[in-house]
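Chains here go by letter, A, B, C and D, matching the order in which they are written, and residues are numbered from 1 within each.
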Amino acid sequence: MQPFLSHPFDDDKLKEECGVFGVIGVADAANFTALGMHALQHRGQEAGGIVAYDPETGFNSARRFGYVRDNFTSRSVMDTLPGSLAIGHVRYSTAGSKGNTAIRDVQPFFGEFSMGGAAIAHNGNLTNAAALRRELIERGSIFQSSSDSECIIHLMARSIQKNISERIKDALRRVEGAFSVIAMTRTKLIGVRDPLGVRPLVLGRVGEGWALSSETCALDIIGAEFIREIEPGEMVVIEHGEVQSSRPFGPAKSRFCIFEHVYFSRPDSILGGRSVYETRRQIGVELAIEAPVEADLVCPVPDSGTPAAIGYSQQSGIPYAMGIIRNQYMGRTFIEPTESIRNMGVLLKLNVNRALIKGKRVILVDDSVVRGTTSRKIKDMILDAGAAEVHFRIASPPTAWPCFYGVDTPDRDKLLAARMSEEEMREWIGVDSLKFISLDGLYRAAGEANGRNRASPQYCDACFSGEYPVAPADQIENGFQMKAAE
Amino acid sequence: MQPFLSHPFDDDKLKEECGVFGVIGVADAANFTALGMHALQHRGQEAGGIVAYDPETGFNSARRFGYVRDNFTSRSVMDTLPGSLAIGHVRYSTAGSKGNTAIRDVQPFFGEFSMGGAAIAHNGNLTNAAALRRELIERGSIFQSSSDSECIIHLMARSIQKNISERIKDALRRVEGAFSVIAMTRTKLIGVRDPLGVRPLVLGRVGEGWALSSETCALDIIGAEFIREIEPGEMVVIEHGEVQSSRPFGPAKSRFCIFEHVYFSRPDSILGGRSVYETRRQIGVELAIEAPVEADLVCPVPDSGTPAAIGYSQQSGIPYAMGIIRNQYMGRTFIEPTESIRNMGVLLKLNVNRALIKGKRVILVDDSVVRGTTSRKIKDMILDAGAAEVHFRIASPPTAWPCFYGVDTPDRDKLLAARMSEEEMREWIGVDSLKFISLDGLYRAAGEANGRNRASPQYCDACFSGEYPVAPADQIENGFQMKAAE
Amino acid sequence: MQPFLSHPFDDDKLKEECGVFGVIGVADAANFTALGMHALQHRGQEAGGIVAYDPETGFNSARRFGYVRDNFTSRSVMDTLPGSLAIGHVRYSTAGSKGNTAIRDVQPFFGEFSMGGAAIAHNGNLTNAAALRRELIERGSIFQSSSDSECIIHLMARSIQKNISERIKDALRRVEGAFSVIAMTRTKLIGVRDPLGVRPLVLGRVGEGWALSSETCALDIIGAEFIREIEPGEMVVIEHGEVQSSRPFGPAKSRFCIFEHVYFSRPDSILGGRSVYETRRQIGVELAIEAPVEADLVCPVPDSGTPAAIGYSQQSGIPYAMGIIRNQYMGRTFIEPTESIRNMGVLLKLNVNRALIKGKRVILVDDSVVRGTTSRKIKDMILDAGAAEVHFRIASPPTAWPCFYGVDTPDRDKLLAARMSEEEMREWIGVDSLKFISLDGLYRAAGEANGRNRASPQYCDACFSGEYPVAPADQIENGFQMKAAE
Amino acid sequence: MQPFLSHPFDDDKLKEECGVFGVIGVADAANFTALGMHALQHRGQEAGGIVAYDPETGFNSARRFGYVRDNFTSRSVMDTLPGSLAIGHVRYSTAGSKGNTAIRDVQPFFGEFSMGGAAIAHNGNLTNAAALRRELIERGSIFQSSSDSECIIHLMARSIQKNISERIKDALRRVEGAFSVIAMTRTKLIGVRDPLGVRPLVLGRVGEGWALSSETCALDIIGAEFIREIEPGEMVVIEHGEVQSSRPFGPAKSRFCIFEHVYFSRPDSILGGRSVYETRRQIGVELAIEAPVEADLVCPVPDSGTPAAIGYSQQSGIPYAMGIIRNQYMGRTFIEPTESIRNMGVLLKLNVNRALIKGKRVILVDDSVVRGTTSRKIKDMILDAGAAEVHFRIASPPTAWPCFYGVDTPDRDKLLAARMSEEEMREWIGVDSLKFISLDGLYRAAGEANGRNRASPQYCDACFSGEYPVAPADQIENGFQMKAAE
């Protein structure tokens, strides 16, 4: 089967690895969960799974490769998932699993303990998973998957605590890195966020029940009311309609992932009390202030550059236009004819609005530059169509460092910004100008009026700054070089 | 299998029924054809077919339900379609075929004649197909399909002309209605447009070969150069690298479908020398002049309302914003939970950008109103999100008459505008104001500076005006009431 | 997809090409038809089709590659085939169709005529199909398939007779060769057998309704009572519960296919008033008389050699034993390991009962020798297992001529008996003795006490004798050499 | 999907639950394993799995529902299983697993230990699995499946022994019941049989490599030489071409399952030095001596009754005949027509040879009577066809007790012989006579000239005698009542 592609240039974007969702206290919890996962599909397209609990048939699960809409919409599947309590997970594949064993890597993971079963779904990445895995195998645990997340359920199985909530706490105190976890027992829905709160997690009210979700857009689809975010370092246990909050970890300062604002989250979600769309539009405003240029049109690279392009246009007064049209039916790879087609890969996904672009000075607004290969091809297309000038404006600072907290990034030496200066990048891409928003500009757009607090940054921005809030232990063991202290 | 949905609210839109594509004089013609069909997928999502000719293996064909990207991208299929000459067709299902026999209705159709085989692909609809079919059956023809287009190939089989090009002319002189036909023999690629030129057909140059296509966007994807439109009433025969043009029909005045400008064609295509995107943006400009209103935001109903919304914003000075976000993974129907979700059908496809909309006066720009049911649901969503006012602006005149020229329209009594005045529609939908662009405004946006020529309209606008340029004979026989002469 | 193999050594057997079945006057006629086709599956494994008629939804059809049990057992398929009248067809593939167009070749064929629709299913082969096809194309017919049987429906479409029964007669008077045809209109079930009655066709009573079938075993599965055979040259029209018989063709003497007795028909069917099993057992008795040999065991080559082996054992007194065991799960082709396995193709299907065979003198009874390749491999296996002697006894005379009446035979130069004498064959296969039953012996076993009437043979035995009761016109045109007159 | 049926009346037979196969020291070990599993398919049709080891890619596995021929024959699957060492397993489903989680229950099971990985495949059933599972969960093991066999790999993970062979011994000393286990590490192929040797396991030589298999028929298919049986209580470790034997358990007397002779094993396999076919034929001889009756024909119930019917005929002199014909294409369930068909379930699989049976006194030989429902239906069919008398002769003693050693048996109260005397059974089935072979007769046929040694039976015959050689601990805990001591 060919890979599932959904964003144009998935292969030249950072990719969120997961979305999590759970609901308790509603009939047909699995149906709600499928809808929630569908709304979170942008966080992971490769596979998805649901575990539901029903007093009569116990824990039931279904895990499948592919889109939620293709797997969790038939009666034949959904009828096997009865009950008023369910959790779900969508995932993007990572290098660790490949071939025919990978269905084992699809979450939620389930474990039977002496006091009953539990399932967990994890968004994020554990930075000490390799060491933990070695230790657990040494003690007799048998791993089903190659996933870092499975460590959590084995730590729970070996915990000497009596009830499952306590075992989750116990387990999560042993892990390092980023985690927004949704778990379930026979009667409880549990949500936990790591002390830094790197990945999002929100709470909603649905009828008499409750929902937990990576983003608010998944509350909207089920008609749930958005109540509040789970706080960094907080654990909530929902049982018999009550939400109990506790703080299992020591105090820590929040370091939410700023790239969720730039690209990962859906524009209709609300993060930190702000519309993601509005933050992105504001980035465009800041960019227009920081990096103005004379031109005829401001065009987004669809679809993720759209809000920033609107902001840039509004601030600069240069007309906004759809200079590049996305093919809504893109998806698979076609066979290239022998007489090969220039930039066919891009043409399958995008087309230039030639009659519009011809002879114009064009500002292209994109969300980020990772490898830079796509930017180069888009520039080609725009010039082929007869543009007079091409100016790139990027809605994030140069991406120069990999993320180890649940995002799929290329190795550092594949990142264009890790190898080149801004001017070198401009020349390599081949455009008239190339400008990135500054870190301070990005923080301002995200609501920090005074920009970034260098002494104690308000967000995790390691992919831009190289400052990792949690040391990536497994990676360092494998030879990763941290940024030298300044 | 669930229906293939791709536009939000497919069920409340007029739907183009077909796209056609053909190429000659290139290696792997079928691969080029698959790409062209992929670019034309918006014209028909239900099924597609390719016929290719190769001197060694003869005519080969593959016809499949579903998207081009899912059917015509594997080696196992494409290797069965060798040769340097191929034609393809994408289709939307029509009422005539249902159940398990429908694969027979998928074009291209093929016939073996005494002088060799030929295949044809037809975009449009024949208005005298029922009568022709009766006559042909009476004379001993056996129909494979329920498609009106099959008449053409049976007329060809019975023609007393000697070569296939002459037989096509002969056959097309017997049919009435709208047709853009691409045909192929063992050595020729043939294109014909009906005398009124209702449906589009363009000619492109690809390397040493030639391509014919419904729209220019399919030329772009294969890197072909757009040469010119096939003219209304023109037939081109391409053989040995030469294009021969002739005029098989008597003289007639062009009546191109104006709805191609409004909705059917892709915004990056060029029609009548103009960017479709630019025409749509201009419709927004006209709308802002014709139907201004005080408001805070101009929001498109995605995706088809976007260009007109941009135009409206630019003309009115009211900020453009993405107030409604489309779920890019939509597709199938989910099982609704027992505790049913208000407007779930819409929420699967769209979500309101709540933080943006709250408390705002919102202008929503949509391309058309057919049944009106979707407009009503969108209004609900916007009001649920706390909008202060909702104003609908529609980029086409009221759709009051069905189309019989290759577009899937509901029966007349299902069309909102056939049953209600504009004010009644406003009230039924439940918005603060509802305005449609005037016919003259639409013609101006489409490049007719003086608007519509009432004596001799420049376009086919029967769906708005009820003035049918070709009498729909089969429909009249079935009881359809034409508009009374004024 | 890999070929469907069901008999061991399908590739070294003559193969019946079709089975037909039809039923009228019962609720759910298609379900009965599916069962009947299942019972006739041995007559054609590649594909099957059903057409059913229901006053409300008209004619409906389903045609599929693969086994009846895999295609016509789900509600989703069978619910599309309502009505109390249905016909079905199972087919073995022939050389004429290959690749992705072959579903068109699956019967029943359907045609809409001015007086209503009709469907036909044909078992047999028309010997003048190529000439008829040329003539029909010349006159404007468009063929859907590469099947000879399609000529019948086109002849019907062009007939100047008024009702469909008359048109069938009209059409069948133009064709030559072998045909047992089942047809249906909206109200009638029709059965016709060619004047020589080469292929079987029987009539049964099921409740208040009637059934037509290739063999009686398909009557048994639906609990129908076997009434009688349709006679050579007879046509029956069943309507409103009445069976009307007529004789559309001039008088002719019956020449039923004797190979139906030897191999094609199921052993539990009744042909000419005799159990097929019993005829086969009697062949073994005759063989034991004609070709005795001293040995320890009589073993059938499973499964088709079993009845004759039983007869041989009973006549000779040599114990019957299962020396070769068939793997009941055989089916597809496995990937052969690099260290290739001797006779793996055979081992996938059969295994020698080694402990039994070791040191024994073994008589192997098989139904026929076609290419001889399988006989050679089986001999290898038996000798590998330590047999002291191997004697082949064949339940049919040497197969020296191809069949043109609906059986898939290799070209004449591939038939072992066309190239070698009996002694040469024995040596080539490598066994201690090899004996075929005589033509007279075969006729005696089939009930003709005086053996074959040379002047006017009671059966068609062209594959053994080279005496073709109908001249194979198309084949002769293609260069086939008939046997020289003696 | 409908259930996989392969024997007629699977639902009225005892069913072997598993077959195991492994090979080392050959290229493409997985291809050999697929062939071996194909030959063992009669031991388990629901699912199969292969694990292969290759130094470059490590352990790879594929586990699928359905037949070996459908799952392990494509390059796309087999190419993922490289290496010269592989093991495989075929299984029949048991009550414990159902619905969408069952793929987890498909063996081989794999575990990663600190000294490397290992995989195991188990034929048999552990009688203390429930207790072991509770203990392991208590200590922190997480089970992937509902299979009793998974206990073995968790016991191995927790063993304090240093290498994997020792850990297997350690683990198997904790389990009770029946087990023939094949295991593999990165370099070793290991085979172990429980002290009583209830299930078979044999050793073969294939080229320079070695194979282990449940039955010898799987050695034949790969062209391997049968070397010897693994002895009860023996463990063999094959590495670097050497076979090392050891005895990990204390001394015990062999109690091989006698039902393997009656029904489970393939007739071409060799058990205890004897052809299974020959033992079955001898059962027929014994039956004819013990239970003679005057009749016209001896007919097997196909296919499992065939060898005993041959023996009965030879001993009695009554002619052997195929009175019942099996449909070789049986498989799925058809939709029953509204006008329901008497005994349709049976007719899908078998048909009476009516012309043969009519007016005859028939002896039917079957292998066993479990629920008796099938015997009753077959009697109906035979009488419907006009038989004068029906006499059942059964090739095993009355099955009155469930098996807990790896065979799927109904609950005791569903076993006809547990509820009725022989005469009551005869009357309930409705035949003229019904006789079972005696236990002593069965032992004689299996080579024990003096019959059963009551003090110390040579076989496990618990299903007939109620004497369980290993107490079924889990079952007793669940309330199973052992036979009272006499």
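The rule we apply is simple: contacts are C-beta pairs under 8 Å (C-beta built on N, C-alpha and C of every residue); 3 or more make two chains touch, one makes a residue touch a chain.
Just so it is clear, the structure is predicted and the values come from calculations on it, not from any experiment.
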Centre distance in Å when chain A and chain B are each reduced to the mean of their C-alpha atoms: 37
Distance between the centres, which are taken as Cα means, of chain C and chain A, whole angstrom: 62
Distance from the mean Cα position of chain C to that of chain B, given in whole angstrom: 50
Two or more partner chains touched - positions in chain A: none
Chain contact topology (line, ring, star, complete or other): ring
Chain-to-chain touches, reported pairwise for every pair that qualifies: A-B, A-D, B-C, C-D
Chain B-facing residues of chain A, complex: 2, 6, 26-28, 31-32, 34-35, 38-39, 41-42, 45, 67-70, 72-73, 75, 78, 207, 217, 220-223, 266-268, 270, 274-275, 277-278, 281, 303, 306-307, 310, 314, 319-322, 325, 327-339, 341-342, 344, 347-348, 351-356
Residues of chain D that touch chain A when the two form their complex: 60-62, 77, 80, 99-101, 111-114, 134, 137-144, 153-154, 157-158
